[in-house]
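In the two complexes that follow, subunit A is the common piece, with subunit B as its partner first and subunit C second.
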Partner chain A sequence: MGFNSLNFLLFFPLLAVVYYITPAKFRWLTLLVASYFFYINIKPVFALLVAGVTLSTFIFTRLIDNANTESGKRTYMVINILLILLPLFFFKYFTSINNGIFALLESHNIRWPLPEIKLLLPVGISFYTFMAIGYTVDVCNESIKSEKNIGILALFLSFFPLILSGPIERAKNMLPQFKTSLKLDFTIVKQGMKMMLWGYFMKLVVADRIGIYVDAVYGNISQHNGTSLIVASFLYSIQLYADFGGYSLIAIGTAKILGINVMQNFKRPFFSISMSEFWRRWHISLISWLTDYVYTPLSFSFRRFKIWGIVLAIMITFFLSGIWHGATLTFIVWGLIQGLFLSIEALTNKKRTLFESKYSLNRRIWFIVLSCSFTFLLFSASLVFSRAKDLSDALLIYSKIFSSMLQMPYRDGYTMLYSFIGFGILFLKEFMDEYYPDKFLLFENKNIIIRWLTYYFVIFLILYLGVFGQEKFIYFQF
Partner chain B sequence: MIKFAIKSLIFVLPFLILITIEVIIDPFNYFSEEKDKKLQEKKEDISLKTNPYLYKLIKYDRDPCSIIILGDSRMDLLLTSKFETYSKEKVSNLSIGGGTVQDAIEIFRYVSEKHDIKKIYWGMSIESYSGTRLRNRATPSIEIKNSLLLYLLNRYTFSATMLICRTMIFNEQIDLSKPPVSKEVFWQDQLDLCSRYLGNYSYPENYFHDLKKISADCLAKNIKLVFVLPPTQLDLQKKIHEFKLDEEDKRLRVDLESFGDVYDFNYPNTITTDKSNYNDPFHFKESISNIIIQEISTNQIKYSKFTSITK
Partner chain C sequence: MEEKVIIAKLERIFREVFSNESLIITRGMSANDVEGWNSLNHMILVSEIEKAFAIRFKLKDLNKMHNVGDMIDIIVSKL
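This part shows the complex of A and B:
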């Protein structure tokens, strides 16, 4: 049951009604049952994994809280992290490692004795595992007390709006919310509904429409020229944003309707003027998680290397980010490229800042436009690795881009037209929100006619230009 | 609470009205067969052209038959009544204008899962058997057909309902298919369209594998797979040479011959050299359509080059 399935459109309103008529102190229980029902609906056996991660995290965080010594706390923390990482490694990385070793040995005429095991990756495992690790570390660092009610902890790790693809939330933000008795506030409900509506627009009108073009080109790389591959690569960046950004908005909106505030996951990333700014606006929950639990401790340990310590910490963090996305060489390369971009920015930061402020570049429109375009270009170029099937496909794309660039691209009239309309509207809204946040309000306009006309228009666009029947979001694979 | 409920009700009111109208008009006969002849004519004029797959699939599910036609507008020109005349075959035509191989594959999958199929006439050409012709209108139509909510809240039902209402209220005729240009201009337009398809051509590895699977499936289920290469006017055939796709055109035939029986009308012959047999370089006239039907349904070969998979 994905957010864009009809089952969800029936399930969620029903749940919202049941949730609000449940006495406040038992609402968390309603949400817990609903969350497990939601997850079991995808594949029942996967729910056992979440339950296992929950149980392990509960036991060890309680032990951490009760431990008297610092080393005892650290030991329990490490044991729990290793335990909850086991299923992630097994399901996500075992096949790749097995295949890698198999191929390596076979190239030396040695047969690998283990048979190939094809495992279906449990949806959302990377997300709830990271949430559980974050919680364990927070308890160990005493920035949060361990939760005494296993039900509340289970809800935190299985909360249905977040379990499939995040945002990767923090216990500090979520646990108190599950325990407070919330009053039904229609202003918040309306806000949540608006977020969901825009999320559906991003997913169904923009992402899935552009996806038709991208799939057509990336599905048959050898048959397309360099221009088509460039167009498809740029479009893939937009597709990924609209898909994941749309998903995040639906997730945040869904939680909001239930009175739960979830952190923002995207903040108009394509208006970033540098890669470091881009990563403060793209998949914010993952990056802030990596910053808090990987980058900051690492840069602290490497502080004696000064700026090179920071570079090393960035490279390791983004290497891990690549591995988190997938156990293939393409994702690792993609992660390392991001690390490289940020490292170059870190190394040149002082000089660049001086130069920019000397000529007041940050206030010049041409500089902002160029910087945004360049950031977009860098990101799109790196995404080739994450979208390509394997490393050789990615390299083939680059070689084709540089060898047959000035040819007519593959054209798919209606898809391109509808994509352009969808993206145009999305771009316009993001542009207004970025540069004129309080002007030309549509969803938030005080005039009810304008507000309602906007809602109707967006619904009309979804029904008229939306692509239905594709229930998957790109980030489900992670 | 009450204020919110009232506002919500007012907000959804236009949708409720729209859905009510859609249920009353039922432009694609989703709920039941249309008994009012006049309204049925309007539906055939409007709904069939708004979303032909949706219209045809709903009709087909209500009255399925074991022989189907798949393909594009050229196959759509084959009248099912003529099959009955020539060979007593009861045939359902599920091809549509601009239909792609991807569409036909999806329709095949849907239909063969639900119904007992004995024979398929599958129209194929180099313009459609291309790795860059990937448009898929069949899957969304199948999705809509399978879901009441989607049927009531999709653009095709909405457009068709509105157009039918317009014809009823203003008593006007709406022709959605008539090209608003002279025959000469349209002829050239179609040649240009062909150039676009051929200019974008790439060998369809994806279709080759899908069709290979379908062929094996058909063999296992005892379904006769018959490919038809409809005759296109010589001007159009010359385009294949112009775009240096002669080898690919041959390869298409080799591929098809490995999947099933093939009736090839698309080569220089008395049909394709005579412009008067055509409305435009793609679309032949009814007399030619009858010849094709007669040949493929009775296997009395006169114009086509026939290759049997069992040879």
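This part shows the complex of A and C:
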């Protein structure tokens, strides 16, 4: 049951009504039952995994809180992290490890083919596992107390708006909210609905329409020239943003309607003037998680190596981020490229900052436009590795781009026109939000006629230009 | 060591790490108030403080450093 399925559009309003008529004291219980119902409807057996991760985390965080010694706390923390990582590793890397061993056997002609067992990755497993790890570390570091009510912890790890693809929330933000007696506030409900509406626009009008062009080109690389591949690669960056950014807005909006505030996951990333700024605006919940639980401990351990210790910590963090996205060479290369970009920026940070402030570059329009374009180019170039089927395809794309760059690109009239309209509207809104946040308001306009015209216009665009029938979001695979 | 002396010493480190000779630190000052105080420079700052005061921080201490005031208190507790 994805956010863009008919079932969800029936399930959610019904739940919202039941939720608000439930006495405030038991609302968390309604949400817990609904969350498990939502997840069981995807695949019942996967719900057992969430329950297992919850139980293990509950037991060990209670033990951490009651341990008398520092080493005792650390031991319980490590045991729980290893235990809850086991299913993630098993499901995520089982196929890659199998394929690797099969390839090795085949190369020595000792493969004995038997029927293969195919394992599906339980959707959302990376997301709730990361949330459970973050919570365990926070309890161990005494940033928060362990939760005594297993039901509240179970809700934190299974909360249906977030379980499929995040945002990867923190216990510190979520647990107190689940325990608060929330009153129905129509202003907040309206805000949530607007977020959902815009999220659906991003997904159905922009991402899925652009996806038609990208799939046509990336699905048949050998038949397309370098120009088509450049266009498709740039478009893929926008597709990924509209897809995951749209998903995140729907998730955050859904939670908001229920009175729960969830962290922002994207902040107009294509207006970043450097890669480090880009990574502060793109998939914010994952990057802040990696910063707190991977990068900071690593850079702290390597601090005696000064800037080189930081570079090493960045490279390891993004290598792990690559592996998290997928146990394939393409994702590892993609992660290392990000690490390389950020390391170069870290090494030149001081000189660049001095140079930029000396000539007030950050206030010059040409510099901002050039820097944003360059950042977009770098990100799109790196994404070739994550979108290509394998490393040899990625290298083929690059060789085609450099050998047949100035030819007519593949044309698909309607798809390109509709993509252009959808992206144009998205870009215009983001541009206004970035540079003129209090001017030209549409969704938040004081005039009720302008506000409602905007809602109807967006609904019309979704119904008229949206692509229906594509129920998957790109990030479900992670 | 008196807090005044600690602040003066700390201010010199801040000025050097953030390349800002006119920077004046206060207890309430946090990363949002200082240009360039990001996750990269934070670790260099921590390392310079350890060297200057001849102390060793723990990772747990880092999580408690929300502003300069917290930093001063942790330094005092280690001297």
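Note that the second predicted complex is superposed on the first by the 465 of 478 C-alpha atoms of A that agree within 3 Å, B and C clash if a C-alpha of one lies under 4 Å from a C-alpha of the other, contacts with A are read in each partner's own complex, and residues count from 1 in each chain.
Note that in this section contacts are C-beta pairs under 8 Å (C-beta built on N, C-alpha and C of every residue); 3 or more make two chains touch, one makes a residue touch a chain.
Small disclaimer: the values here were computed from a predicted structure and weren't measured.
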Next on the checklist: Taking the superposition on A as described, I'd like to know which of subunit B and subunit C A:420 touches: first, second, both or neither.
Outcome noted: neither
Item to check | subunit B versus subunit C as contact partner of A:359, first or second or both or neither | outcome: neither
Checklist entry - Touch check for A:224: first (subunit B), second (subunit C), both, or neither? => result first
Next on the checklist: Taking the superposition on A as described, I'd like to know which of subunit B and subunit C A:436 touches: first, second, both or neither.
Outcome noted: neither
Next on the checklist: Between subunit B and subunit C, whom does A:300 touch in the aligned arrangement: first, second, both, or neither?
Outcome noted: second
Next on the checklist: On the A-aligned overlay, A:26 touches which partner chain: subunit B = first, subunit C = second, or both, or neither?
Outcome noted: neither
Item to check | Interface residues, subunit A side, partner subunit B - complex | outcome: 6, 9, 184, 186, 189, 212, 215-216, 219-220, 223-224, 408, 410-412, 414-415, 452, 455-456, 463-465, 467-469
Checklist outcome for this item: As the complex stands, subunit B meets subunit A at residues 1, 4, 11, 14, 131-132, 134-136, 139-140, 142-144, 147, 149-150, 153-155, 158, 196, 199-200, 202-206
Item to check | Touching residues on subunit C, where the partner in the complex is subunit A | outcome: 19, 35-36, 38-41, 43-44, 46-47, 50, 57, 59-60, 62-63
Checklist outcome for this item: subunit A contacts subunit C in the complex at 141-143, 276, 291, 295-297, 299-300, 303-304, 306-307, 309-310, 346, 349-350, 353-354
